[in-house]
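Chain lettering (A, B, C and D) follows the sequence in which the chains are written, and residue indices restart at 1 in each chain.
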Amino acid sequence: MKLEVQNYKDTRSGFGDGLLEAGKRNPKVVGLTADLTGSLKMGDFAKAFPERFFQVGIAEANMVGIAAGLAIGGYIPFTGTFANFSSARIYDQIRMVVAYSNKNVKIAASHAGVTLGEDGATHQTLEDVGMMKMLPNMTVLVPCDYNQTKAATIAAAEHNGPVYLRFGRPKVANFTPADEPFVIGKAQMIQEGTDVSIFACGHLVWKAIEALPILKEMGINAELINIHTIKPLDVEAVLKSVAKTGCVVTAEEHMRNGGLGDSIAQVLALNNPKPLEMVAVNDVFGQSGTPDELLKHYHLDTPDIVEAVKKAVSRKRI
Amino acid sequence: MKLEVQNYKDTRSGFGDGLLEAGKRNPKVVGLTADLTGSLKMGDFAKAFPERFFQVGIAEANMVGIAAGLAIGGYIPFTGTFANFSSARIYDQIRMVVAYSNKNVKIAASHAGVTLGEDGATHQTLEDVGMMKMLPNMTVLVPCDYNQTKAATIAAAEHNGPVYLRFGRPKVANFTPADEPFVIGKAQMIQEGTDVSIFACGHLVWKAIEALPILKEMGINAELINIHTIKPLDVEAVLKSVAKTGCVVTAEEHMRNGGLGDSIAQVLALNNPKPLEMVAVNDVFGQSGTPDELLKHYHLDTPDIVEAVKKAVSRKRI
Amino acid sequence: MIIQINLYKFAKENELTVLLDNIMTINELKDVASQVRRDIIRMVHGCQSGHPGGSLGATDIVTALYFDQMHIDPKHFTMDGAGEDIFFLSNGHISPMLYSILARRGYFPVSELATFRRLGTRLQGHPTPVEGLPGIRVASGSLGQGLSVACGVAQAKKLNGDNSLVFCLMGDGEQEEGQIWESAMYAPAKNVDNLVAVIDYNKKQIDGPTDDVMNLGDLKAKYESFGWKVYKCNGNDMQQVVDTLNITRQNAHKGQSQIILAHTEMGFGVDFMMGTHKWHGTPPNDEQAANALSQLKETLGDY
Amino acid sequence: MIIQINLYKFAKENELTVLLDNIMTINELKDVASQVRRDIIRMVHGCQSGHPGGSLGATDIVTALYFDQMHIDPKHFTMDGAGEDIFFLSNGHISPMLYSILARRGYFPVSELATFRRLGTRLQGHPTPVEGLPGIRVASGSLGQGLSVACGVAQAKKLNGDNSLVFCLMGDGEQEEGQIWESAMYAPAKNVDNLVAVIDYNKKQIDGPTDDVMNLGDLKAKYESFGWKVYKCNGNDMQQVVDTLNITRQNAHKGQSQIILAHTEMGFGVDFMMGTHKWHGTPPNDEQAANALSQLKETLGDY
């Protein structure tokens, strides 16, 4: 995969543009928002398909219930609000009328993680992936850049079943090919390597890419795989990579507990126990700051990935 | 530890009796319920301390907010409702006004797991431990029998900070000593052994105890540790045990994803990678049935623990 | 296709595809309700769990809906219910009432009622669509959510140009859940006028009378202030129920969200279950069940 | 201890422990509000984020509370607020308004306002007690939760035999959250009469006018139907605000939960921020900030 930055764009715009495209392709696609049309970049969809756009007000629980109803009526609803209010606020509702009832509802969750920035901890969800992956029937997607988020949105619309789609607020490197289709459940090989397997998702994929030349310089030949689908996890790809490299680093904008790292730890423990290092938030709440400051503060940055790799590789040797 | 069944009692009665005792010891202890006084066995407390008991009606979100307010006012509130409505229904609220605000609120969560029985999947939470352990500041307790739940309730009242206390509906073996104090964060050695470490919590501790003689007969000398405190996890006890035995089985009435098994898998991956087998629900919702039928159906029974141990031990050998 | 049929034959044989169209007399509806009440008692007694009180009280309303009001095609159940009226039970704990009515109306074999709450059943403790039970479109049981789903389906019908109606039954204790008021605010604001909500206004919930647990105050004033057209009726008087539902049907599609406060009695039809909240979620023992059944006429044949 | 002080001296020096007791004139209160508005503009401009619109609109209400109404001891902040009046900001996004008022009232140094929303600050984007900022008792920002917490504290005060009051400000868009109606039902049902709620009734929210986003209908009728005593006032007229708060204080402890619908204008005090929802969460650029500040008298000295 060519790793060139095409531009800097927010993943939420990838969602907004993907939703518009999905709406054009399929008249059954409808959108809902809880007073966050602009933040979720759903304005273009709302303008193009006003009768297929539902403004629910600040009532997230009601929104997901309405979405389930629209799905029963044959529609493909995308609900849009901040990630925390897309998950923590309405988990029981999602569980009952979406996951357990197995409705074709897509939950679009923006402003996830600490890169939400200045709004601070109340809005910075670091628990949503952990929540969603516990729900049977739920597909959990965490695309890494604008292009991939757009493609993931289109794929979510085409997928039959509940989907949780997580993305973010800040402008970040947009580097995956614009024309690459999104295959749910298929891990994306970014660079093959032999010494360590790096599994990353979301904004941290780019941070991991930035770590690759540094690691190379140190003589570490890292394999980097983008786990854009947290669930269903591409267990085969994970095990194949680890069988080759013998140690693992995971990188994500999420709590350690419940995140991608825990998913990988489970796969390893059940199949092939190997050393693992986690780049993730370790049991503390977020805070106000700029996205870059916060990534650094919470040790979610490129140097942290480098350090984690060094540690993982060294643990392999003992 | 002597493993004698003293009687058969529901853990929720342990909570009810513990709450009454805590209320007698400390006039600051108050109780709240969302229309489930009887189910939570809070009736005796309500009768003994009517002015310290708050009936909130079917409004769990409001209940936890009121509890946070009472905590601000210097009280030690215990909220009582079913586990699903103690967690999934109000996760954002718990996150903001209890965990992030670090209030001295105790969340008493009854009817957890499939042993809730006939009410079925809507009420059978298998995700609550995973949710709660992701919250900074939150202590997560899953006691194993009546006596321990009573002691845990008293310990929760004495602990300064948010606590999630999970227990269940059916009458089960009551076997821990009635006078044993509950030490938050300290794993409880039930039987020492050398071949495998079994970490269990809640109702499954007794199932694991029942597995011990069967394993012994097979020549497997199992160590059994009751992880009644999921968070903070007694990492030292876990690592010490695994260093000795070299393989692990976890047993819990919870989803694999997010549960005790994942907590142990994380500790192993970060410290000492070893084979692990999980006795837990594997990504399916519950259903109606009797507690015993359901434990069997979801492979949470004594024979399942035995099988898991055999598998874990055999994986150690390769 | 509208076929005039003999109710008893229909319900016994349970095989015709029918759209009943106001063909039943009030007495015939009462007979169905009596059988449904028998079914409820026998189901909760059979598995020794479940919620008889609310089920018995709400029986008349839902019987009237399925046997008099709703345009439905039980033999060809579709998830989207296109062209059909749709019913949601938000207070899912009174599932035995709904299961009995669905079976008696021809959605699935009456004999299946015997599996209620048993391992492997499609008749889960709380309704769910995942086991494939015809007649159920969404799970309920966690209170407060049904009206939201009903609003969504109602809006889907509008998008589809489908003039049929959506009905939703809720509990009165359930009104204490905040989500109810989110959808209560939503429906009138968004012109959801193809929806009729009904509250099983039995003034009781698990811990006691709603007046003690959480005083609901003036529910009529509440819904009116939220913009609804509010009706009252005696929810255990079949004639009143039918009359009130008729009015709401006539007033549908006229720019107003409508709700009926159906005053019911928990445990209605079984003397010792009335006047108390004790039977909200307690099954009768053998003797109590026999006593209860002795008070309820068998009209369509027990399962 | 009640000390008569010169407001300007007090606010400048910021060091005395005082319980203000109706000693400020309306004009003096207006002067405080003007400075608070300057602070708001400078704070959100400084960090280029935050919510100026709602903050400016709600300034008069909270200024009146902290500088005229509430019995508080800013220099000795206690978490339990025993013997003191307590204020909760449920709509936590208008935090710059609260931070300015707390600082100007003596809870923490005015200079700390410069740290708003910056890494490591105690002045988080949304209020939180965990960084130890005096004046904050619970986190807010996720909407709909403050009134519940306020009810809890009010009931704690009752248990403690503490006659002081609890105030809670909410947004009007926030009224769309169901949890609000859970606590709205709770307070009158449980006789929480030592609580005064206030709605920042600016008729705007993020996506536009509330009338378009989610019509709130008749809020007065809604709260009355939920059992509250409802007052109205112009929330940007200091005299009206003070008068209305005085009435609620007199009517406290008389068996009624009270709420004020404070009609405000989002962006009040800055001409180009008024009459639109655009400044809900957008900071001004340099030029806009200068323009805004030119419209707001500096009365207590900028931080």
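FYI, a contact is a pair of C-beta atoms (placed from the backbone, for glycine too) under 8 Å apart; a residue touches a chain by one contact, two chains touch by 3 or more.
Please read these numbers as outputs of a predicted model, since none were measured by experiment.
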Between the pairs A-C and A-D, the one where more C-beta pairs touch: A-C
Label of the chain whose CA centroid is most distant from the centroid of chain B: D
Separation of chain B from chain D, taking each centre as the mean of its C-alpha atoms, in whole Å: 41
Averaged-CA centre spacing for the pair chain C and chain B, given as whole angstrom: 37
Set of chain D residues in contact with two or more other chains: 128, 130, 139-142, 144, 176-179, 182, 185-186, 189, 214
Interface hub residues of chain A, defined as touching at least two other chains: 56-57, 59, 61-62, 84-85, 89, 92, 95-96, 100, 121-122, 285
Chain contact topology (line, ring, star, complete or other): complete
Residue ranges of chain B touching chain D (in the complex, touch as defined): 30, 51-52, 54, 56-57, 59, 61-75, 77, 92-93, 95-97, 100-103
Residues of chain C defined as touching chain B within the complex: 47, 49-50, 92, 117-121, 123-126, 128, 130-131, 139-144, 173-174, 176-178, 205-207, 210, 212-214
Chain D-touching residues of chain A, taken from the complex the two chains share: 33, 35-39, 55-59, 61-62, 84-85, 89, 117-123, 285, 287-290, 293-294, 297
Chain B to chain A touching residues, read off their complex: 84-85, 87-89, 91-92, 95-96, 99-100, 121-122, 126-127, 130-131, 133-136, 248, 255-258, 261-266, 268-270, 273-278, 283-285
Interfacial residue positions of chain D with respect to chain B in the complex: 79-82, 128-130, 137-142, 144-157, 159-160, 178-179, 182-183, 185-186, 189-190
